[in-house]
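Dropping the structures in below, format is structure tokens.
You will see chain A twice below: alongside chain B first, and alongside chain C after that.
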Partner chain A sequence: MSPEQILFYFFAALTLISAFLVVTMQNLVRSIFLFFVTIFSLAAMFVFALADFIAVTQVVIYVGGVLVLMLFAFMLSNRELLSGLQAVQTGFKMSHFAGLMISLGFLFLLYMAIASTDIVNLPWIKESQQISPGDNTVHQIGINTMTRYLLPFEVVSVFLLMALIGAAHLARKEKRS
Partner chain B sequence: MIPLSHFMFISAVLFCLGLYAVLTKRNAIQVLIGIEFMINAAILNFVAFGRFDKATGGGQMFALFTIVLAAAGVAVALAIILNVYKHFRTINPAKIDSLKD
Partner chain C sequence: MNFYLTYVLVATALFAFTALFTLFALYSERKISAFIQDRLGPMEVGKYGSLQAFADILKMLQKEFIIPSAADKILFTLAPIVIFVSVYLGFAALPWAPDVIPSSLNLGIFYIFAILSMETIGILMAGWGSNNKYALLGSMRSVAQMVSYEIPAAIALISAVMISQSLNMQEISIKQGILSPERILFLGVWDVKAIGGFLAWSIFQAPHLIIAYVIYFIASLAECNRAPFDIPEAESELVAGFHVEYSGLRFAFIFLAEYSMMFLVGMIGVILFLGGWNSPVPNIGSIKLAAWTTGIGWGIFWIVVKTLIVVAVQIWIRWTLPRLRVDQLMSFCWKVLTPLAFLCMLISGVWRLTMMS
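So, the complex of A and B:
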């Protein structure tokens, strides 16, 4: 195995194990901090798909923004939940079993779909021009944003403005008349 | 070079973990984390296929857009969760069962 493969499978295992712990862990604070580990190792896997700019964006947005927001919401909403709800959560539940069956069935479905498709021999992948490790992807992304993907870029910017105004509107204090 | 199908298997497992969290968790923040897992599985697929698209760079561009959409979604969802907590004094999705006051 080459070092590239060893590192890739290491990060893949790290992603899946930490994601598994996030969904099974009872302690919410620990699961949010483990979410941080999952996001970081996912960013490492983006690097192996030769998308370094996406990896950096992932780290900046998720670790800098989303995680802080989640911790903030947790701190604001979980005073009695810390002791009350988590005691109830232990033990086996029928609804958990149904959820487990649905997700395992879906995993089986996805596995069969991926295993039965011969992805590497698809015509567009065979004919495609691959990104090589030495390419300057940031340069390419900059040019693409301003030319080919200008409309989605503008739509996303309007959407972000809407989300910002909407979140501020939802979080404001209501005046009691 | 890592084969494409390995990326897809990893993202399939990640998606199903997210699905499990969404279906079974008793806390809105954990449900939100499950949704984030599902979105990240999709981003991983975008990026993995984007490697074969040098000319137009579609995979990487839409991965970027998806990250932005996910971040905006989280901001709004957390604002909603805080409001729900103010109103019901709980964020257990099973106990939030009325739309009007």
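So, the complex of A and C:
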């Protein structure tokens, strides 16, 4: 195996193991910190797919934003609420049945989709231009965002502005009547 | 196989550099603070106390690793490593001279910003893992401050990137000196490509970048958690902030991260605004000062000198200004720096379209 392949499988294994531990771990804070490992190894997978911009954006948004927010929410919430969340649940209950069915169905759907497509011969992959590791992908992403995908881009920006104004409104002190 | 050997060598060299710089900065910080406060500073160890930093490191290496019994052992042990590695990884994309760059990334500055945001996670790990109320409070303050000050810093950097039209740190450097492939306009009117020197730096290509640089510099002080923005470690309130429980080598790593961060943010500012490795002296007629002082050796010399000057200013500010209060800190960030940074970004766009097209 080439060193690249070894690295790829290493990060793939790291993603799966850490993601599994995030879900099963009893200690909530440790599981949030482990989520950081998951996100980081996922970013490494994006690098192997030559999507360096997505990899870095993933780190910026999830590590710099979402994870810090989760930690803050955790550290500022009250202890009784958290002990309820951390309590050990053992045994199979009827309420778990629906979740199990949904996840099994989703797994089946994913498997069917992957098994039924001929990935190498997909028309949109054949028609698209190839990129090589040294290419400046940011340049192409910028041009495409401002031309072909301008409308979605603007819709997202308006949506984010709405969220921002909403957050500012919620955080404002109410006038005493 | 040579390929991988080079990677290891470059990484080791960078690590050695950060360690040496930390020793040097430790000594100079003590001496500068002593000068400002009209004392002598360290004088006992070696001539003029010059071996004081080595003595300190020796002392730290000998110390015991103390883990508080109620601490979360895994998080407590990992935190200093995460903090240091996040800063250390930032050095990967910084150019030192023409053709001397560990990794010439197309994403350059964006990558550095992403990696630096990892440090907040390390600080929270240290704060939570210590199981100490002062450490936790310090880490919460630190993260709140770093997350807020990232915004004006990033917007100020974007306004410089809009002028140089690249995220690659090496290309940004090249576009500020005599090696530039395109013409360079001093203040948007006078072509100084052949003259070079300080006239070609970003801040003189578009004068509003001087404001952007000041904004970036202030915000970068806050990101290093240095005075006047050192409320995370405020000695009089929080003992020592998030690293109160650390001792020995682990404390040394946190210290190393803090000083490397000072150098790193200084160097980013130098590359984007102050010409990077380009020489500050211009060509005057037949006296080709800029051409004579451009090259690999000179490049490393200039960028190190410029960054050390910036670091000296950081130290000078630390020992001159008093600490800000939390509410002053936040309102300064959101009500002064952020709108000004957005204004700079707007001017950059207009400048690029009108003066540089």
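We adopt the following convention: the second predicted complex is superposed on the first by the 139 of 177 C-alpha atoms of A that agree within 3 Å, B and C clash if a C-alpha of one lies under 4 Å from a C-alpha of the other, contacts with A are read in each partner's own complex, and residues count from 1 in each chain.
Criterion: contacts are C-beta pairs under 8 Å (C-beta built on N, C-alpha and C of every residue); 3 or more make two chains touch, one makes a residue touch a chain.
Keep in mind the model is a prediction, meaning the values are calculated, not measured.
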Partners on chain A (chain B, chain C) - clash or fit: fit
Which superposed partner A:L14 touches (first chain B, second chain C, both, neither): neither
Which of chain B and chain C A:T137 touches, first, second, both or neither: both
Partner chain(s) touched by A:A163 [first = chain B, second = chain C, both, neither]: first
Chain B or chain C, by number of chain A residues touched: B
Partner chain in contact with A:L110 - chain B first, chain C second, else both or neither: first
Chain B versus chain C as contact partner of A:A98, first or second or both or neither: first
Contacts of A:V37 with chain B and chain C, given as first, second, both or neither: neither
Contacts of A:T145 with chain B and chain C, given as first, second, both or neither: first
First (chain B), second (chain C), both or neither touched by A:F53: both
Smallest distance from any CA atom of chain C to any CA atom of chain B, in Å, after fitting: 14
Footprint overlap on chain A, comparing chain B with chain C: 53, 57, 72, 135, 137
Of chain A, residues touching chain B in the complex: 4-5, 8, 12, 15-16, 19-20, 22-23, 28, 31-32, 35, 38-39, 42, 45-46, 48-51, 53-54, 57-58, 61-62, 65-66, 69-70, 72-74, 76-78, 80-81, 85, 88-89, 93, 95-96, 98-100, 102-104, 106-107, 110-111, 114-115, 119-120, 124-125, 128-131, 135, 137, 140-141, 144-145, 148-149, 152-153, 156, 159-160, 163-164, 166-167, 170-171
Contact footprint of chain A on chain B as seen in their complex: 1-10, 12-21, 23-27, 29-30, 32-34, 36-37, 40, 43-44, 47-48, 50-57, 59-65, 67-76, 78-83, 85, 89-92
Touching residues (chain side chain A, partner chain C) in the complex: 3, 29-30, 33, 36, 52-53, 56-57, 59-60, 63-64, 67-68, 71-72, 75, 134-139
Complex contact set, residues of chain C against chain A: 4, 72, 74-75, 105-107, 110-111, 113-115, 117-118, 120-121, 124-125, 128, 136, 140, 143, 147, 150, 167
